[in-house]
Structures are given as structure tokens and as C-alpha cells.
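Data first, discussion second: the structure below is written as C-alpha cells.
Note that the chains are named A, B, C and D in the order they appear, and that numbering of residues resets to 1 at the start of each chain.
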Amino acid sequence: MLSFKAKRIVFFGDSITEAGAKPGGYIVKMGETLAKKGIADQYELIGAGIGGNKVYDLYLRMDDDVLAKNPDIVVIWIGVNDVWHKQSSGTGTDADKFEKFYIAIIKKLQAKNIKVVLCTPAAIGERTDFTNQLDGDLNKYSQIIRNIATANNCDLVDLRKIFLDYNLKNNPENKEFGILTRDRVHLNDQGNQLVADKMVEMLVK
Amino acid sequence: MLSFKAKRIVFFGDSITEAGAKPGGYIVKMGETLAKKGIADQYELIGAGIGGNKVYDLYLRMDDDVLAKNPDIVVIWIGVNDVWHKQSSGTGTDADKFEKFYIAIIKKLQAKNIKVVLCTPAAIGERTDFTNQLDGDLNKYSQIIRNIATANNCDLVDLRKIFLDYNLKNNPENKEFGILTRDRVHLNDQGNQLVADKMVEMLVK
Amino acid sequence: MLSFKAKRIVFFGDSITEAGAKPGGYIVKMGETLAKKGIADQYELIGAGIGGNKVYDLYLRMDDDVLAKNPDIVVIWIGVNDVWHKQSSGTGTDADKFEKFYIAIIKKLQAKNIKVVLCTPAAIGERTDFTNQLDGDLNKYSQIIRNIATANNCDLVDLRKIFLDYNLKNNPENKEFGILTRDRVHLNDQGNQLVADKMVEMLVK
Amino acid sequence: MLSFKAKRIVFFGDSITEAGAKPGGYIVKMGETLAKKGIADQYELIGAGIGGNKVYDLYLRMDDDVLAKNPDIVVIWIGVNDVWHKQSSGTGTDADKFEKFYIAIIKKLQAKNIKVVLCTPAAIGERTDFTNQLDGDLNKYSQIIRNIATANNCDLVDLRKIFLDYNLKNNPENKEFGILTRDRVHLNDQGNQLVADKMVEMLVK
């Protein structure tokens, strides 16, 4: 008889991930999908999202909230607040500091042989013609994350691209929200399902 | 013998237009182009640009700086500071107020039978993949201006589109500046020439 | 029998003044006080406040909302949003532009022989030790207004000083709100009463 | 013969401290003062300031730049950029996050039996009537630091108060800079001397 150990995956992020661990959230939906595939027992999914978090908040709390859980895989999904708070409260994150803290988190995880998966920030506004106020910065920070993923051999779930592609097909009226988000940022049911599907694809490949 | 009156054109804007009236600037280059075409005497070109101006600054000074000059045509080129100052000093212009002041300027000019030409803000950064920090807002405010032009029967010089198209062809390295601007915003020689060419096209058609 | 004409006073401002014209508001309370004094028929009080207004919004709408009403006196109370919006949305007003627009409004009113009364912005937060985030700028803009009042021979209701003095006596716990405001900015009943009292003092002297 | 070990003190901060370690800087002046007192060999003073640093930058680099040096005492002087960058680039630090990171740094140092000394941010502008734009926030963050010092049994060099008291006596014209700073923030010779004097007082008591 084989000994068996489920892969423990921590989802490390902000309010989107905090909601993702609640009923209807993308982490819960992932569990449902894995169950349908009959492989639910191979994965243990743990939410570690806190509303309002920026990259340096993750760095500050990673010992307690991630390392203490001994994960096999950590999925980092951060960046919306780093950009958004520049405009809403003057407390966003400089691009160079964003990169520095992001890499510091990855290094600490990889030093423990934890596999790290990165995500780009999906959206602050769903318009597809790049007229959402913060599109420029979101694109810039997404590009920073893509470069970090390449340089550090991390898998990437490019949610920014995934959301844009989806909206180009499904948002013909160029609405600000209502397609994948309920308020330009936070996921509606369709958004949670899309993220769950893409996350499962990334895991089970 | 026919009496003759040159068309008086006031260029109403910010630091880009202030520089445009100086040697090498786009207004001076327009004069040179009109001279080459042998039609320099048909146009009187007057610069009315002041550094740091936002749309409401134009509104405040339009009596003194524009109406007092009895122009036939006014070319309005504003918007960069309305977007930029949000980020650099917290004193940009709300989108709805931008629209309100812009329309108020047009109404006052049209009430005097002055022809009004609108321009979209060209660039804050020349990257072509929409990773310049303020691209989202610049695209949004450009769209507002396009809509105002249509609704108020104004000619439009869509510099935002003109610059992007030019950079897509001539900025293969995706540089932030150096193609049409010397610092992401202010025009270099090539930028002044491109704007001059497009302005002359709009006038002489 | 003497012909008689009540003094028409327009209160020109932002959301604080918009609320001031509603039941319980400072303008309504002024009317009640004037009635008690038996001089209600000597004054006609008109609210002209619109939420979110900054100084340049007043300038844009002063023809329609103030001059069209042929007032004898205009009380200008503006400045909170000019400071606040720097922090909340990046769309506050530069100090030099604030002064320029403020003076332009006064000049237009004085040119019609309208008496102009200025007010300083009362508060964004009621702490008395200058630890409210925007105290520095509020003090600065208040000083600009005091200087404008002196230079242009306008009466001044120095609400910034009045509120601070009141809080020094009545806010021993250094609370952020709840003494004269209900939310750091907008007046509660006590705040409306204090403003009404000081406005009446200024009128009836 | 007694074995002897000088106390190693690391000054941990931003551009003010970076300059403090250069000729004419406050750390160099401290060394000169200690030499005059004949106790220079009892202290080893090490600068660890980096321009633009905010509290979370200190947290990120404290292992390499502070702990690796095995200090006996760490003097933390941070906060100007946490406040300033809100206004200048939209990347300041939220008050609650400022407190959280500050305490995290102290806890890590105290866990190694390192004595921790805190400083309040001295000034962004030297006006004494609290009309410097960021005075409100500077006062607020200074109060946070004072409370942290009390709660964590740390010595405090209250530079905010020291600078204000000095300016109340020596800045009768209410100048923005030129008394203790050369540009509202960075220390001139007099400023470096005042800080050096107060730091030595704190050490040698």
C-alpha cells in the first residue's frame, strides 16, 4: 500500500483571494472542479488572502501565514492595491520597490524548496480599449511580474491577459464592470469560475 | 483689387504650445511650411500656451489671451497636465469637470463665430504597449475630447492616435521617450515637425 | 410709508452649504435667529452650494447661480475640497491657482457692487493638536484666504479659527469628529448652530 | 588590565542619515563631539541610511544592513518619505502599516538584545504656524512613533519637537527652509549640528 500525501497549496494575496476562500470563491470552485475530476484528495487548498494587501504586506506576514503551513506550492496573486492605492490614498507601491519585495518573497519560498506560481493583476476596470484609469500602471506591473516569473523559473497564470482576452470576446459594450467583476476589481461568479478554471489548468498539466 | 484678410489662428494650450511658438516649435514650423507652399500670408499664427495649464486655466484666461485677439480659428490642445498632475502633485482634473470646462470654452468661442479645433493629448511616455503609467487616463480623456468634438461640430487633430501610430512604426524598442518627445511629454524636433505637418493638413484641406 | 428692500444674500459654496440650506442647516438656522431678533424681513437668504465644488467650480457657475440672482451680499465658503481631493482622488487645487480663481470671483462680484464676505475652511478632522492629515494645507489655504480678504477689503468669517477655538474648549479627548462635525467635515447640529451664530454676528453688527 | 569594547551604534534611516555619514553630516559631527569629550573610543558610529527609504524598506534590508553588523544600539530615523511620497508620487505609507512595520523592526532588534532608539521625523518645511502642507501627517506619524517608543520601552529623540522649538526661537520670518534645512527636508550645517548634539545627549547621559 502506497503512502500518500496531498499537495498543499497556499493562495497568497489580497481581498480577491480572501473572497476566493469563501463560498462561491475561486478557491472553493477549484475544489469543486478537482472533485469532479476525481482528484480532490490530491490537493489541499488554503486561502491566505487579506483585504488591502500590497506586496510588502505579504512579505511582512509570510512567515506566519505561509511558511508556517509548510506548503508545497504557493500561488502569489498581488498587485491591484499596489497600483490602486496610488490614486485612492497616495499609498501605492513604487515599481522598483514592488519588484524588490516580490523577488524577496520568491527567494524565501524557493529557499525552502516551495514551488512558486505567480499571477498578474487581472483588472481595475474591464474596458477593453485601455481607457480604464489605471490600465497603464496595471500593464506595467503585469510586465514586471512576467519578467520576474521568467527570471526566477516560476509558473505564471497571466490573469491580466486572460481577463482582457475574455472581455474582448464578451464585453462588446465596453462596460467598466459586470463581465468578470462586480465592481471593476472584485470577481463576480463568472470571474471566480474563470480564475478557478485557469488555476486548475495550471496545476493539472 | 481685392481687400484681403489673413485668417488669425490662436493656439491655446500648455507648455507644449508655449514651446511651439519658439524657434523650432511646431507653430514656427507651421509658418515655414505655409511659406514653402506660398500661402504664408493667408494665415496669422499666434501662440497662447502657458506651462502647467489645465483646462480650467484656459477658461480663466480666455478673455484676455484669446477673445481679445479676435481670432478666426482657435486650436485647443490641453489635457496632459489634467491627467499628469493627479499623479505628480494631486492637483489633476476630474474627468467630469474636464468635460464641463472644455465645453464651456467651446461654447464661448462658438458664440463669437470662432471656429474651434480640438486636439487630443499626445503622450506621457511613448511606449506602444500601453505600459506608460498614465495611458489609461490619457486614453480616457482623449475619448472625452473626441466625443466633445463630434457633439459640438469641431474639427479634431487626434494627436494621441497620430503619436501612437507613429511610434508603432518608429519605436520598435518600446522606448519611453526620444522618438517624438525629449522627456515623455515635450516635443523634440521630430515631434514638432509631425505636429506641424498634421496641423497644416487640417488647415489646408 | 417707506419703501423697503430686504438684503439678498447668496451663500456660495460646496456640500456644507448645500446641506446648510436644508432643514437644520446653518442657513435655515440663520433665518430662525433673525426671526427671533425680529429682523427676518430685512434679509433674504439663498443657498447656492453644490457638493464636491472647488474654487474653480464656483467660478464656472457664478453667472448662473449667483449673478443672475442679483444679490447684495455673497458669502463665499470654499476650500475643503480643494485640499481634500488632493489626497482622495488626486484632483485638488494648486495653492497659486486657488488664489487666482478666488480673486477672479471677488473681482467679478465687486465689479457689480456686490459686497463679498469670505470664510476660511473650517475643518477636515477636529483634532486640536494639528495631527489631522490635512491640517497643514488647510492652515495654508486659510492663510491665503485671510490675505485675500485683507487685500480686497472683504469681511471675513474665520471659521477655521472659530472651529479650532471651539474644539480647544470642547474636545478634551481630541476626537476626530463628533464635536462640530459628523464625519470630520460635514456639520452636525452644533456645527450648524455655531456657523449660523457667527454668520449672523457678521451680518448684524 | 580591563578588556574593552566600544559600543557599536547603527544609524538606520533615509537620505538624511545617508548624508549624515558624509563630511559635515550629523554622524560625523557626533564623532567630533565625542572626540572633544575624550570618549570617541567608547563608540563606533555606523551610517546605514539610503535615500528614499520608507519604513518597509528598512524592514526589507535590516538583516543585511543592520543585524549583520552586530550593533549594540540601533537608532531608527524614518518617516519623512512615508508621508512625503503620498503627495509627490502616490507611494507613501498608510498610518496603520507604518506602525505595523515599525514595530516589526523593533521586535526583531530587541529579540537580539539590541537597544533601540527612535526618532520622530523632523520636518518637511520649517514654518512654525503649521502651514507646511504635510504638517498634519507629520504630526500624526510623530505621535505614532512616540506611542511606539513608550509601548516598547525605547528611548526617543523627538526631533519633530526639537526642530519646532528651535524654529519658534530662530525662524521669526516663518521661512519654509534655511534655518535647519537647506530644502525643507535635508539638513544644513546648523541642522546637522543640532541633531548631532541631541543624539550625543541621548547617548551620554
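A few notes on this one:
Going forward, contacts are C-beta pairs under 8 Å (C-beta built on N, C-alpha and C of every residue); 3 or more make two chains touch, one makes a residue touch a chain.
Source: prediction; values computed, not measured.
For the pairs C-D and B-D, the count of C-beta pairs in contact is higher at C-D.
Here the CA centre of chain B is 37 Å from the CA centre of chain C.
Between the Cα centres of chain C and chain D there is a gap of 41 Å. If each chain is reduced to the centroid of its CA atoms, chain B and chain D end up 47 Å from each other.
With touch defined as above, residues shared between interfaces to two or more other chains in chain B number as follows: 86-87, 89-90.
Viewed as a contact network, the protein chains are fully connected, with every chain touching every other.
Per the touch definition, chain A reaches chain D in the complex via residues 56-57, 59-60, 85-87, 89-94, 97, 100-101, 104.
Listed in rising order, the residues of chain C touching chain A in the complex are 87-90.
On the chain C side of its complex with chain D, the touching residues are 86-87, 90, 125, 129-140, 143.
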